[in-house]
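Per-chain residue numbering starts at 1, and chain names A, B and C are given in the order in which the chains are listed.
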Amino acid sequence: MHVLRHSRRLVLGLVALLLAAACAPGATNNSSSTAKGGTVTILGVWTDGELDSFNAVLAPFEQQTGIDVQFVATRDQDAVLTTEVAAGDPPDLAAAPSPSLLTRFANEKKVVPLQNVIDMNALKSTYDKSWIDLGTVNGNLVQVFSWAALKGLVWYDPKVWTAKGYTVPKTWDDLIALQNKMKSNGDTPWCMAVESGAASGWAGSDFEKEITLSLVGPTVYDQWWQGKQKWTSAPIKQAWTTFGSILGPNDSNVYGGSNYIINTNFGDVGTPMFQNPPKCMMLNQASFITSFFTQADPSLKAGTDYAFFPLPDASTQYAGSHVVSGDAWSMFHNTPQSKALLNYLLTANAQAIWVKRGGKISPNKDVPLSDYPDQLSKDTATALVSTKVAKYDAGDLMPTDMKNAYWSAILDFIKDQSKLDSILANLDQVQSTAYTAS
Amino acid sequence: MQVSAEAAAPTNAKADRITPVSILERFQGVVLHVAVILLTVMWMIPALGLLISSFRPFTDIAHTGWWVALSPPFHFTLDNYAQVLKEQGLVHSLFNSFMISIPATIIPVTVAAFAAYAFSWMKFPGRNFLFLALVGLLAVPLQLSFIPVLSAYVKIGLTPNNWGFVGVWLAHTGYGLPFSVYLLANFFRALPSDLFESAEIDGAGTLTVFFRIVLPLSVPAIASLVIFQFLWIWNDLLVALIYVGGSESVAPVTVQLANLTNSLGQGYNLLTAAAFLSMIIPLIVFVSLQRYFVRGILAGSVKG
Amino acid sequence: MDVGLLLSDVVTLVVVIVAVPAVLAGYIIFGEYLVRLFPDRIRGGVRPWIWVGPALLFVAGYLVFPTIATVIQSFENAAGNWVGLHNYAVQLGNFPNGGAWIAIRNNVLWLVLYTLLVLFFGLLLAVIFDRVPYESIVKSLIFMPMAISSVALGVIWKFMYTYQPPDTPQTGTMNAVVVNLFHLQPITWLSDPNVNNYALITAGIWGIVGFSMVILSAALKGIPTDLLEAARVDGAGEITIFRRIIFPLMMPTVVVVGTTLVIFALKAFDIVYVMTAGNFGTDVLANRMYKLLFQAGNPGGASAVAVVLLLAVVPVLIFNLRQFQAVESRR
């Protein structure tokens, strides 16, 4: 009994201590009340070098306003954000690499309509209307876009091409002719790599949707990602068969065939092209692929060792069309701090900071070309601005399970092009349920 | 009550003369050692590949297999490790990992020990049903509990700002209990019932039996459980993200290391170094608990 | 590095390490004290609840309540309206080619191969390591894969399974062996439906054998040596001793490890998600559930898949019950 009495006292004392300790992380975590200007919480995906760039963008803002921006990055943004929104504990702002996640929340009415939050005059004068329309759901502006990337850029090694006598094709027929010329020379025209973990197939879908856009035009393109145009319909199917003509029978136009394409990570797509002797002549990827080139081989120089030309239009009817993508922002809590930050992020000054560091393009028309760090990115920005028909990446606009089915379909198509009809039929099936809130 | 410690040395009764039997024993011994070493080496190959890759520059990893690095020219580098260690806030995230893992290991192991003791040696109505239900709950996919539990947390204010890590401790406890109870009950049940009978005769109370008999005799089982529970929590990413969040002041090491690759997946060469660095702590825990995996604690325990 | 912060970190940690066990010990001591307040007759009826109470409460809050919520949600659509068995019909439709049925087939593969092989290797390693003096070292080496996070595990095995076209030198270990040692064509381990499930299961097995080995080893150590001595003195061979004494005595633990492994196989997610994301016919139920819940915004469908998973555990529980009752009757 003595033992019991003593231990009880000891225990009570320790319980008190324990509670104090448990609250301690909370106490030291108390950044919400130290900064004079308040806080903003953001959930995004940028880490590593990207985070450094984003922090550089935030620095002037934090200095001027005294607001403390707490940015949390996670690769599992789908899971974390879905849980936090459903549990009633979302961050103030969310930055997503594609609109599909945020659109879902917009449909569930969990995001703040931005017409009264953003300086709409400034937005309308600095952004092309298509970007504003993109973020509008049911008449409410629910998403805004910061940095963009341009898709449908064909990368090649100018030294190799000059040596072999290849010239940059201007039209689709030129491209096909070039393909044939390369094959008769014994060179493999294309390199492709579409592996990407849970997102495998997206790189191939970029190529395919670029073709789709120029074949079907903006209106049908919109109907397509909105689920109103069947996958088995003639124009959409034609885009796939055209993509098939790039791949060649049994993917013979691509280095390594279907096995290599499907099993190689998209970031390694340039490796065969830069080998000596080169294993392929060109590859189609977005503007951000250059950082992968230089990481794998730091000696590569922009312009001399790699350059790009825009993928020629598959049909002349909708010439000058391109697929773009960008970082989408939504707001969950309308506070003075989150409002100030969001407006700041849309300004040319804020966007230019990252642009100067390289790796991103700005859709804001007021960012001068001179801010781009090298000729290549200047060219990309020019291409973005001069694109007559800039359409957002259709896959990113589709509901997530439609998008996933699309990517899987690309993998299946690359594996066996003869299965196209059943692949498209399957996509139609997914389409019939994906667009309704089930 | 005598608990005699047992020496576990295998009997070494070999005749002095070389007999066919002793040659056979010798051979069996050699075969045994060969088997052990061969199996271990083969098992290690994937990890060996990872280890060697972590000392190679990214350009090499992308172009050649890891075994190439073992022959000249040697291109080893410490860059990957240097970059990982330079990560901002790595030391603090280590602290966070400990702050999360240690209590989240102690609580379920203890609570499970209490429950396992009751399930094995006390009679009460519905005992079998409750136990089976507990085992069945092992199958519940954790992701489904996030939204209900987090909503409840938000409603009652159990957020990291107010209560620090308490929320994640309690969650890990809930998630870890089915396995913990299942494992400990199995080992507790295996204790010879004569032990308890003689204890009863000696007039020992429930607490004494628990702390002085059951626990000491179950040390290997408890040590195993501690290792696993600690390990699973240390390596967990999603539960921490949901209940603690990812901000620098509270993020554990797993979140820090997951963010070594950027949103495009670049930097996986850093993951090789990160994997080894993050392995060190659980391995230390494992090795230091090895001495509890001794045999013979029970042998002869009821003699006399 | 802020030394002040570091110091307060360490102090907090020490306080927590001391206080947590103290609180728990305090609970049970206080609980027993309460029990003793009751008259002798009732003590035996009250006591068990003090001991199992905390466990039951935790489990009720973190597992039972969400499970009930899940079951209810499986009958509702995303808007919260009752839809009866609609979610089940949609998720389980299209037998045998529907996505869910492919996943179920794969889960069965996991269930059988993963469980049996992990049990086999765990037992084998526990037994042979027991007989070597450097047991600690080899055990730690086999255990090492357990210490790796699932993402890193996925990265390791992705490296192992890397594919290069036939005319290029292989960079992945498996294909290097296949091409250089066996002179065959390189295999696309992760995209070829004939091998990819086995490739994933192998990665899974590699990561978990340490678990089964450690537990089975603990059980092995609990076998009284005098039993084994007596058998050896009687002239029994090692294999007989294993079959007649060791294995039967370890049976309850084998059931525990086996049950846990079966459940892990049903819940297999991380490896599949990281390495193939369920493509090329490697999908598993937990992966489908994750996608439905977090990507498709379809909590009803996710819940339906989860309920199927939970129901699949019932036969395992029945098996456990039989084992129990057998042990009880022997007491």
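Following the convention adopted for this analysis, a residue touches a chain if its C-beta (ideal position, glycine included) is under 8 Å from a C-beta of that chain, and two chains touch if they have at least 3 such contacts.
Computed from a predicted model, the values in this text were never measured in an experiment.
S.K.: Quick one: label the inter-chain contact graph as line, ring, star, complete or other.
M.R.: complete
S.K.: Please indicate which chain is farthest from chain B, where distance is taken between mean Cα coordinates of the chains.
M.R.: A
S.K.: Taking each chain's centre as the mean of its CA atoms, how far is chain B from chain C in angstrom?
M.R.: Using C-alpha averages as centres, the distance is 12 Å.
S.K.: From the mean C-alpha coordinate of chain A to that of chain C, what's the distance rounded to whole Å?
M.R.: 35
S.K.: Can you compute the centre-to-centre distance for chain A and chain B, using the mean CA position of each chain? Integer Å is fine.
M.R.: For chain A versus chain B, the centre distance works out to 38 Å.
S.K.: Send over the residues of chain B in touch with two or more other chains.
M.R.: Residues 63, 99, 143, 147, 237, 258.
S.K.: So which bits of chain A are touching at least two other chains?
M.R.: Counting only residues that touch two or more other chains, chain A contributes 22, 24-25, 28, 79, 82-83, 197.
S.K.: Residue numbers in chain C touching 2 or more other chains?
M.R.: Residue numbers touching two or more other chains: 5, 12, 16, 20, 25, 29, 290, 293-294.
S.K.: For chain C, which residues are in contact with chain B within the complex?
M.R.: Listed in rising order, the residues are 1, 5-6, 9-10, 12-13, 16-17, 20-21, 24-25, 28-29, 32, 35, 44-45, 47-49, 51-52, 54-56, 58-59, 61-67, 69-70, 125, 128-132, 136, 138-152, 155-157, 159-160, 169-173, 176, 206, 209, 211, 214-215, 217-226, 229, 232, 252-253, 256, 259-260, 263, 266-267, 269, 286, 289-290, 293-294, 299, 302-303, 306, 309-310, 312-314, 317, 320-321, 324, 327, 331.
S.K.: If you look only at chain C, which of its residues touch chain A in the complex?
M.R.: That would be residues 5, 8, 12, 15-16, 18-20, 22-23, 25-26, 29-30, 33, 77-79, 90, 162-165, 188, 190-191, 273-277, 279-280, 290-298, 300-301 of chain C.
S.K.: Across the complex, what residues on chain B touch chain A?
M.R.: 58-59, 62-63, 99, 143, 146-147, 150-151, 153-155, 159-166, 237-238, 241-242, 245-247, 249-250, 255, 258-267
S.K.: Along chain B, where are the residues that touch chain C in the complex?
M.R.: Residues of chain B touching chain C: 6, 8, 10-11, 32-33, 35-37, 39-40, 43-47, 49-50, 53, 63-67, 91-92, 95, 98-99, 102-103, 106-108, 110-112, 114-115, 117-119, 122-124, 127-128, 130-132, 134-141, 143-145, 147-149, 152, 170-171, 173-175, 177-179, 181-183, 186-187, 189-190, 193, 205-207, 210, 220-221, 223-224, 227-228, 231, 235, 237, 254, 257-258, 268, 271-272, 274-275, 278-279, 282-283, 286-287, 290, 293-300.
S.K.: So in the complex, the part of chain A that touches chain C is made up of which residues?
M.R.: Listed in rising order, the residues are 4, 7-8, 10-12, 14-15, 17-18, 20-22, 24-25, 28, 78-79, 82-83, 104, 108, 197-201, 255-257, 259-260, 262-264, 399-401, 404, 408, 411, 415, 433-434, 437-438.
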